[in-house]
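For clarity, chains are labelled A, B, C, D, E, F, G and H in written order, and residue numbers in each chain start from 1.
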Amino acid sequence: MSNPLVGIIMGSDSDLKVMSAAAEILEKFEIPFEVTIVSAHRTPHRMVEYAGQAVGRGIKVIIAGAGGAAHLPGMVASLTTLPVIGVPVKSSNSIDGWDSVLSILQMPSGIPVATVALNGAANAGILAANIIGAYDEHVSNKLSEYKQELSDKVLTAVDKIER
Amino acid sequence: MSNPLVGIIMGSDSDLKVMSAAAEILEKFEIPFEVTIVSAHRTPHRMVEYAGQAVGRGIKVIIAGAGGAAHLPGMVASLTTLPVIGVPVKSSNSIDGWDSVLSILQMPSGIPVATVALNGAANAGILAANIIGAYDEHVSNKLSEYKQELSDKVLTAVDKIER
Amino acid sequence: MSNPLVGIIMGSDSDLKVMSAAAEILEKFEIPFEVTIVSAHRTPHRMVEYAGQAVGRGIKVIIAGAGGAAHLPGMVASLTTLPVIGVPVKSSNSIDGWDSVLSILQMPSGIPVATVALNGAANAGILAANIIGAYDEHVSNKLSEYKQELSDKVLTAVDKIER
Amino acid sequence: MSNPLVGIIMGSDSDLKVMSAAAEILEKFEIPFEVTIVSAHRTPHRMVEYAGQAVGRGIKVIIAGAGGAAHLPGMVASLTTLPVIGVPVKSSNSIDGWDSVLSILQMPSGIPVATVALNGAANAGILAANIIGAYDEHVSNKLSEYKQELSDKVLTAVDKIER
Amino acid sequence: MSNPLVGIIMGSDSDLKVMSAAAEILEKFEIPFEVTIVSAHRTPHRMVEYAGQAVGRGIKVIIAGAGGAAHLPGMVASLTTLPVIGVPVKSSNSIDGWDSVLSILQMPSGIPVATVALNGAANAGILAANIIGAYDEHVSNKLSEYKQELSDKVLTAVDKIER
Amino acid sequence: MSNPLVGIIMGSDSDLKVMSAAAEILEKFEIPFEVTIVSAHRTPHRMVEYAGQAVGRGIKVIIAGAGGAAHLPGMVASLTTLPVIGVPVKSSNSIDGWDSVLSILQMPSGIPVATVALNGAANAGILAANIIGAYDEHVSNKLSEYKQELSDKVLTAVDKIER
Amino acid sequence: MSNPLVGIIMGSDSDLKVMSAAAEILEKFEIPFEVTIVSAHRTPHRMVEYAGQAVGRGIKVIIAGAGGAAHLPGMVASLTTLPVIGVPVKSSNSIDGWDSVLSILQMPSGIPVATVALNGAANAGILAANIIGAYDEHVSNKLSEYKQELSDKVLTAVDKIER
Amino acid sequence: MSNPLVGIIMGSDSDLKVMSAAAEILEKFEIPFEVTIVSAHRTPHRMVEYAGQAVGRGIKVIIAGAGGAAHLPGMVASLTTLPVIGVPVKSSNSIDGWDSVLSILQMPSGIPVATVALNGAANAGILAANIIGAYDEHVSNKLSEYKQELSDKVLTAVDKIER
């Protein structure tokens, strides 16, 4: 695979079952990516290093997933000028997902995180494609096709339900 | 000003006092933008038109702010392949902001909105700069300077408080 | 069946298991209806078309069900003068139903949605009957009988429990 | 005024400052209405009487506003076959409006209340007009004009903001 | 059994699996009681009658359980001078119990309901005993013995856990 | 005044502006009472003593108000067989009253607290009268008169609003 | 085992399956501890005694777990000068854990409880070790090793995921 | 002042009006401390440095206050073996404090933060004293005196209110 444009990171390998949906979307859109584990709380120095080197390695977008008191997306955003997409994961220790959502979304002025829905890793992948597609016509066309697919699936369901 | 790269839209002119912070940030980062009112509920056809033409007009990022049952960001996202940044506005009819946040954040799989904090219009501007800066070194450098400014302000406060 | 008076629409065929309760009620009350899929986010142009043509097709009430960031009921309400009944669906991506409820209920001034309880599709059907029954004595009588049935069931349970 | 088609009731005269918006809308749409106080908890027998006689008096829609543990809309709905629109009022004893919303919205299967947004009395008036307009072309036309007005106001704001 | 001192009522026989715990406690404390179904929404006239006759029938305390938009306890309280204990039931249509709790607890000034914990029917039974025990030494002694039992169970658990 | 039948206690003198409404109601109903400060956290031994002696001193009902992590009502209930009415106070350190409500309402099985609405001290007074009135005809008659007053006030408001 | 430095208490033996994680951590860190049941509501006098004697018995930290209206941690804190760590337990009677969290966390000024995450008994054990480790180099070294273990586990997962 | 035993840090000088209460308590208890600004998001490298050097500088407890998506306490805890007390600050950008509370409290297993009440900086100071007092008799005695003061204030209020 060519150099990754998107870095998908998560706080724990237990988040992988949610976060793999982001990877599947990027594969579908033929956008090169990498996947790894970076824990804000268990490997803080690795997190500082990862975030600090991302621009230089050619990464365009970072997707970071975490649950509970989810500090990874916001901390990475504090350490890079790249857009960081945060995926609130409804982990086993989360209070119905509210902690994951609020600790990613409610960033202070100056350090935004592009937050998607709870467990919305597929949408994180699409948002990364939206960003890259704004500058890359191949990806933009793939996105248009994808929108058409979504619409076609609805129309197929319409046919079934109305018959 | 040259052709706008960012479109800032909002559901009502009463949202302007919150949303103008996005415009100020883009001015600071020397990113051309436009500001207008597009109401999902009062001008739905205008919304369809605006979203449908954005790519063709050279827009790279759309920032959409709305409050209460806030449908503008998600509906625009359904009508474009561009990244859409949603700003939940704590409008006068909102229940402490929860409706604004949830109706922007919790988009279904396939149509993401990059949601920022409640009333976080400044962060929406910075996130737009993060996106553009991933492909534009001038903006990227501006972002690095901005991060330095944020840090310098903290250190100045440290000096005052520790003296 | 004669021309439909009620249009039951939903954002996805996965909502059908909840929304079919509305159809069952309308059948019981002998009110002609139609059921189809109209997705605000995946088929926005279909939604505009559906809502715009409903009055002309003789529809009197639209029942719209959706979950998560549920924009369908409110967007349809923005595009028609008919009463729109919104059913918040507790879909798999919903945060305990709060997003579904708030993004349907908290509509801005000017564009109401008649919101019923979470997953309350049966009540949406009854509410449509209440509306039609205000102008149609046959339906009004059916509603009176239905109220009697509800009461009779309680009294039967009373007999069982007190014996 | 001719016989009222809409009955606007509320639990306390302190709700009048919120509920009068419903009356203003109905005046605008030239729909005859009545306004009175009916308390579920302080005048339960009056409530039973009011709800029981509404159909016979020619009322087509009841708008009921209440706050806190708001039982008026649901109890009235249990006593009539007419559509009942519930307005959750953020009264002084309410916990941020959540009690008002939930005790009106979450009605059990069989007895729906058409709930509008917190303090959404204007929308209750419009919804009553939607219902009546489905059977009355004069009101339907008024609603179309009203939608045009809402749109025009947005376009006027657009002109101001873009200049 | 002698004349009932406590009336246990509930909105639906589906609440019986929760509410029977109140009956078991009253049996244990040898307090005569009755159990029946009284639905605020499906049998409103029966509710008015039940509440209106309770004092005359020698009832001292009413325990009322209901879920969702739970109006039974508050409506009964509006129709009697007896203390009414409300049990919020987490019914199948409830949003995690919040609607049940708030629509029972948040009664307006003038008409209190003595609310116990979600699904806390056993505690409703004990509270009824607290009330009756304030005037009846036999019940008061039973309550003292019960407190001792609760304490003894803890001490037995202590023995097991510390060994 | 004769021996108090109701003990009104609260965690702090700052709660007095809320809790005095309970005293006013009891005065109106001519029920003798006492008012004092008993802090669960600052005077735990005084609390144990107060609760332990209440029955012997002829108290029939204890009304306990507290805010934030409000332990006073529940702890007093653990130390007496009397009915304890808990008033959740929206104190300055409370998160919108939710902590006060939940830490009073959600008592474990075995130790009920009769919880009233947030800041509902007047209702606590009325509930105490409901309890005493179940055994005292004078108080019961006062309660009937009070219900009539509430109703009369509504009818006076009706006259004003309908004129 | 030598004299316990940490007392682990809980309101009920049903909390043991959560709270045993605290004991396991203390064993791992070789810190002597004791485990017992102390119920605020069922054994209030035992609680007063336990809290009052803890300092004299050489205890340095108390870990208290409870659910629902969880008064044990705060009441113990009111009766000792030792640091009290509170573990909100998501017990069967809890409303999604919110009652447990708020009734432990939101203590009034003067009587803190060191609250950890919902069901966070392992973290309570580590926090006790943090406290003891501030004065005991052996424990401090164990904590450094533990942090290294956490980091190593992440790196092992990285190896697996990146391969 | 001798070498600080407690480090009070906060994310912004705007938090100082809340956090200064911690400093006042430590002064009262004669515990040496330092106060400074350390922003997780604006000065991440300074945060890593501060947390990494605290043990070596003789600090025994760190008190960290932050609001919104509050990452400072948890990130500092990930970088030191000292006990970290987190103060959720209800900052201007916070959603009623829920984000501040959850993003500090809900730390993952392995990295605890001792969380106190919203804006509970005074309690953070007392908790630091509880910790130090477990190993320092002078501070322990000060804490006993402080508890006596709290109790005396209640008794003085009792005298006023009962007179």
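Methods note: a residue touches a chain if its C-beta (ideal position, glycine included) is under 8 Å from a C-beta of that chain, and two chains touch if they have at least 3 such contacts.
This structure is a prediction, so every number in the text was calculated from the model and none was measured.
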{"item": "Mutual neighbours - chains that touch chain A and chain E alike", "value": "C, G"}
{"item": "Minimal step count in the chain contact network, chain A to chain H", "value": "1"}
{"item": "Euclidean distance of C-alpha centroids - chain G vs chain H, Å", "value": "18"}
{"item": "Chain C and chain F: spacing of chain centres that average the CA atoms, whole Å", "value": "43"}
{"item": "Chain F-chain H separation of Cα centroids, rounded to whole Å", "value": "35"}
{"item": "Interface hub residues of chain E, defined as touching at least two other chains", "value": "12, 42, 68-69, 93, 95-96, 98, 101, 105-111, 113, 117-118, 120, 147, 150"}
{"item": "Pairs of chains in contact (touch as defined earlier), listed by label", "value": "A-B, A-C, A-G, A-H, B-C, B-D, B-H, C-D, C-E, D-E, D-F, E-F, E-G, F-G, F-H, G-H"}
{"item": "Residue numbers on chain G that touch chain E, as the complex places them", "value": "12-13, 16, 34-39, 42-43, 46, 68-69, 93, 95-96"}
{"item": "Parts of chain G lying in touch with chain H, wherever the complex brings them together", "value": "55, 60-61, 81-85, 101, 105-118, 120, 122-124, 126-127, 130-131, 133-135, 140, 143-144, 146-147, 150"}
{"item": "Residue ranges of chain C touching chain B (in the complex, touch as defined)", "value": "11-12, 40-42, 44-45, 48, 67-71, 74-75, 77-79, 91, 93-95, 98-99, 102-111, 113"}
{"item": "Chain E residues within the chain G interface of the complex", "value": "96-98, 101, 117-120, 147, 150-151, 153-155, 157-158, 160-162"}
